[in-house]
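Next up: the structures, one after another.
Common to both upcoming complexes is chain A, partnered first by chain B, then by chain C.
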Partner chain A sequence: MTALLLPAIVGGLLTGGVYALVALGLTLIYGVLHIVNFAHGALLMAAMFGAWLLAAKLGLDPLLALPLLTAAMFAVGWALYRFVIGPVSRGQDRAILLATLGVAVVIDNGALMLFTGDSRTIETPYALAMLQAGPLLLPEAKLIAFVCALLLAALLWAFMALTDTGRAIRAVAREPEGAMLVGIRPQRMFALAYGIGTACLGAAACLLLPSFYVSPQVGESFVLIAFTIVVLGGMGSFPGALVGGLLVGVTENLGGLYLGESLGPICVPLLFIAVLLLRPTGLFGAAR
Partner chain B sequence: MPAVLRAAPETVKIGMIHPVTGPLAFGGGQCRLGGQIAVADLNDVGGIKSLGGAKVEAVLGDAQGKAEIASGLVDQMAEQKVAGITGCYASNLALAVTQTAAKYSIPVSIDSGIADSITSRGLANVFRFFPDNTTMTNQAIACLDALNKGAGSPAKSAVIVHENSEFGTSTAKLLATKLAGIGIAAKETIGHATPTRDFTNIALRIKAQAPDLVLITNYPNEYQLLLRTLYQQKVDLVAAYSVSGGGFNLPFAKDQPAVSANMIDYNHWYNPHDPRAEAFRKRVEAAGHVFGWEVLFGYFAVRVLADAIERAGSADADRVIPAFAASTWHDDWLPYGPTRFVNGQNQGARGLGLQIQDADIKVIWPGDFADAKPVFPRPKAG
Partner chain C sequence: MRRAAVPLALGVLALLPFASSSQFLVTLATLTAVSAALGQAWNIAGGFGGLTSFGHAAFFGLGAYAAAILQTRYGLNPWLGLPAAAAVGGAAGWLIGFSAFRAGLRGSYFALVTLAFAEAFRVLANSLDITGGGSGILVALHPAPGNFQFADRRVSYALALLLLGLATGAAAWLASGRFGAQLMAVRENEDAARALGVAVVRTKSATLALSGALTALGGVLYVQSYLYLDPGIAFSAERSVEMLLIAMIGGAGTILGPLLGAIVVHAIADTTRSLIATPGVAPMLYGVVLLVIVGVLPGGLVRIVARHA
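This part shows the complex of A and B:
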């Protein structure tokens, strides 16, 4: 077991990087805006099918497709909020929850109709490639995803902390009436933030696809863990989403290693409970 | 006087319960597709002749991979007066459906539920045309033994990896008990959940054990992710061998040629020497569908049920169930021989040893049905 410890930790970090990618968008939508976005998994799935279509039909490598798909998903997210979720919910939390659930059902079943239940994969030059690092064999596709997760977390943090728009989004989330008094239009900020959160899924999809598969159910594999990470890391904290993702990845792997793959998954909920008992606002959450 | 007016024969309804959404959607969809093709074929040749050419109508139900929903669908189908039900792709769904259908005495023709307990509980309304788990596992062991001995017995140890529901767990237990009898030591048995997102841990554990074989029994996505990870971690094996491998299919062979090459599976397949079977596969593919063994399951589950209704001359359960039990249905598409049900289980049902070669699925065992020679042991990992 000791010989497997280092590979398990490194493997967990790489998998955690993938989790963080999915959680980064969610921490903006759920953590900052407090929208319980049931559509997050469905939108990830839609983005992955987008990346798959670009790769399988047009021969566009997912890494090259990343800027295109990120922009496209921003537009999708912005339009969804502007024309569906916003008008349907009229600002009520319960209605927002149901609206995103409705969007998820439509996307899930639309994908099932268009693509059937088949799982699809793509082959890229780096999809199966491994990097030898001492005794470790590291999958290049996951390494790329890991580095991109770090970059994306830094970018999002900088955007929210250093730009006027980021500050406006945070202001709307904290004090909507105060924000309006200084000329910020909350619904515009909500749509923008929802668009940015969804854009993150475009990037995540391009980075996930070379090492995973896409099917109409693929979002379900990630969405629950993403919600766990967002709360664990601290609602609305991008460093929290990143560190939370890595921690969950490592915990999963070590749990599997020492408790077996059937019992191992209990370690993540245990970690979740332990962190919230000690720090109710999550690892990086700000006290209110 | 006008000619005597005859009432059009009534429709015979056949319920089809499969998981067509949720994590088992691919296999469930394949079974449903096969069932729908069978219904179309039956109607094309005049429906149920003993019922005056009554057309067959499929009543579709989506179990979503959940036993309680599958069970509820039986209640709905009973109200719709179905003559029988086919389904349910997964064993846990089949267990729920057969139990509820027994309450209404609705005959159930199992397609892809493999657990022995589906037919061994003594329910008179349940019939499985296809092999059960014990049969498949015993035959899989015989196939593995033949391949190993044929190559000079290079495989002496194995690690078993299984998904941890009824299907995978029961198969893994059977495998573990049978391996010693063919001179192969089971080093470890590893269970995993469905879905599992990452198999690095399991691959590294297997690598540390350095077995000659990895024996796999799980569902499609995890099957392919596991093999992909074994390939990436350069786990050197005499063979990777699955029993009823959920992900062993043509898209896997074509989309991931490097990972899937030389993968061996003991599974359901058609007789490659029967030209009708090949024509059926081409027909499914020409319609834009993936052809997998589940399509055959769905197809033949409906055909044997319709045959029982035909011979019963009635859609009433009281007559269909005895007719089903007395079935001698025979079609050489499948390598089965004439049907003979004992306690609802077809005794002639069998699987075949399959291997992915040149991005296609070939039969490698037994020799009577083989259309390719086995690659065993496989070439060393790069």
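This part shows the complex of A and C:
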């Protein structure tokens, strides 16, 4: 068992890096708009189908498609907030929750309609390549994904911390009325933040696809993973999403190792329930 | 007189299938009645109590498994599945509610925690021996009234109507009784209700228990008519979403809402299925209808009827 332990932990960390990127998008949307974006998993699934189409039909490697799909998902997210979620919810909590659920139902079943329920994968030259690091064999695709995810997370942090737009988004998140007084329009920033949160999914989809499969159902499993990370790290917390992503990646792998393939997946929902019931503010969150 | 028009019309509509020998019509009516009953069960928690659950399939699945396991593993009379399922569903509702509400979970957080419970149960059912794991449980076909299996489908329909009546009665009790008034006070303003002496956590937990017990009974009816159960059927997210949709589309927090919602959702589903066979089209339309309702008619379809009736 111990011989398997280290690879399981390292493998979990590598996957967790990409999970963290997914969760960063979710936590950004929560932190700025104060909404639980239930459509997050469905949007990730849609982006994965986008990456799959580009790879399978046009032969475009997911890593090359990454900038393209990130930009496309930004546009999708921005438009979705501007034309659907914003107008439908009129700022009410329950309405927003139900609106994002409605969007998820539409996307999930739209994908089922277009692509059927089959699982799809792509082949890349590096999909099966391994890198020897001491006693460990690291899958190259996951290593590339991990490094890219962390770089993108750093980029996102720099954008939020250093640019005027990033500051404006944070200002709206903190004090919408004060932001309005200095000439920032909250609704614009909300659409922008929703777009950026969704753009993270475009990047994550390209990083996931070489080592994952995509089917209309993957959205559902990712939505729980993403929420577990965000709740574990503390809703709205950037470092929380990073640490939470790595922890959930490792938890998932250790669950599979010790509890077996069929019972292993229980770890993520159990972790989620435990955090919500025992420490709803998460590891890094401020008191609600 | 005019206020009674809608319930009266629904009552006549509900009785029509008994006069028909068409198996198709009876099956359609049964499915609609079960959906309406499940939507009403969700409505008790999600509408009257404002406890938006995304995981009511947890109760449906627990009830269905309780009934299936008791008769196939322990040889109990299938009718005993009904009280057993109600007890299991009620207990689960109380436990999930009590732990979540005591931790102060509300709104989206509560929705997510119910979703996680349903998923945890699905994984458990998938890996335990007693549930038959992923291959599920097959109930032997043996039609006899004493065995809770009926050759005449109209009997199943009558049972579905009975469950719908029970759930609707519970909703009517909430709408008019003291407990319901306390519940709705909690829904509108928790702090104010607490200040007036309402036991907030207990009220909400009891409501989720009632809703869970009714939902579990729906699970028993499912097992007794399809005679097969697996983790995907029992704890599917689609089931949770459908229950919520029916209540929201018809009108959450109203007595007639889920009945209207179930009729509309089944009308959409059956019309689209007969026109376009591709899977996914009908559920996609549900999503669109939900968005339209939330955006344009937050009170649900019942508002239109109430305005003109």
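The working rule: the second predicted complex is superposed on the first by the 255 of 288 C-alpha atoms of A that agree within 3 Å, B and C clash if a C-alpha of one lies under 4 Å from a C-alpha of the other, contacts with A are read in each partner's own complex, and residues count from 1 in each chain.
Criterion: contacts are C-beta pairs under 8 Å (C-beta built on N, C-alpha and C of every residue); 3 or more make two chains touch, one makes a residue touch a chain.
Because the structure is predicted, anything quoted here is derived from the model rather than measured.
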Check your understanding: Once the shared chain is lined up, is A:8 touching chain B (first), chain C (second), both, or neither of them?
Key -> first
**Study point:** chain B versus chain C as contact partner of A:117, first or second or both or neither
**Key:** both
Check your understanding: Does the superposition put A:260 against chain B (first), chain C (second), both, or neither?
Key -> both
Review point. So, A:199: does it touch chain B (first), chain C (second), both, or neither?
Key: neither
Practice item. Answer with first, second, both or neither: which of chain B and chain C does A:93 touch in the superposed model? Key: second
Review point. After superposition on the shared chain, which partner residues are touched by A:105: those of chain B (first), chain C (second), both, or neither?
Key: second
Check your understanding: Looking at the overlay, does A:220 come into contact with chain B only (first), chain C only (second), both, or neither?
Key -> both
Review point. Touching A:22 in the superposition: chain B (first), chain C (second), both, neither?
Key: neither
Revision key, fill the gap. Check: chain A residues flagged as touching chain B and also chain C 108-109, 112, 116-117, 216, 220, 260, 262, 265
Check your understanding: Which residues of chain A touch chain B in the complex?
Key -> 3-4, 7-8, 11, 14-15, 108-109, 112, 116-123, 128, 130, 137, 139, 212-213, 215-217, 220-222, 225, 252-253, 256-257, 260-262, 265
Exercise for review: Name, in rising order, each residue of chain C that touches chain A in their complex.
Suggested key: 50, 52, 54, 99-100, 103-105, 107-109, 111-113, 115-117, 119-120, 123-124, 126-127, 133-134, 237, 241, 244-245, 248, 278-281, 283-284, 286-288, 290-291, 294-295, 298
Revision key, fill the gap. So, in the complex, the side of chain B touching chain A is made of residues 20-23, 25-29, 164, 190-193, 195-198, 200-202, 204-205, 208, 220-221, 224-225, 228, 231-234, 251, 255-256, 258-259, 290
Review point. For chain A, which residues count as touching chain C in their complex?
Key: 35-36, 38, 84, 87-90, 93-95, 97-99, 101-106, 108-113, 116-117, 216, 220, 224, 227-228, 231, 260, 262-263, 265-266, 269-270, 272-273, 276-278, 280
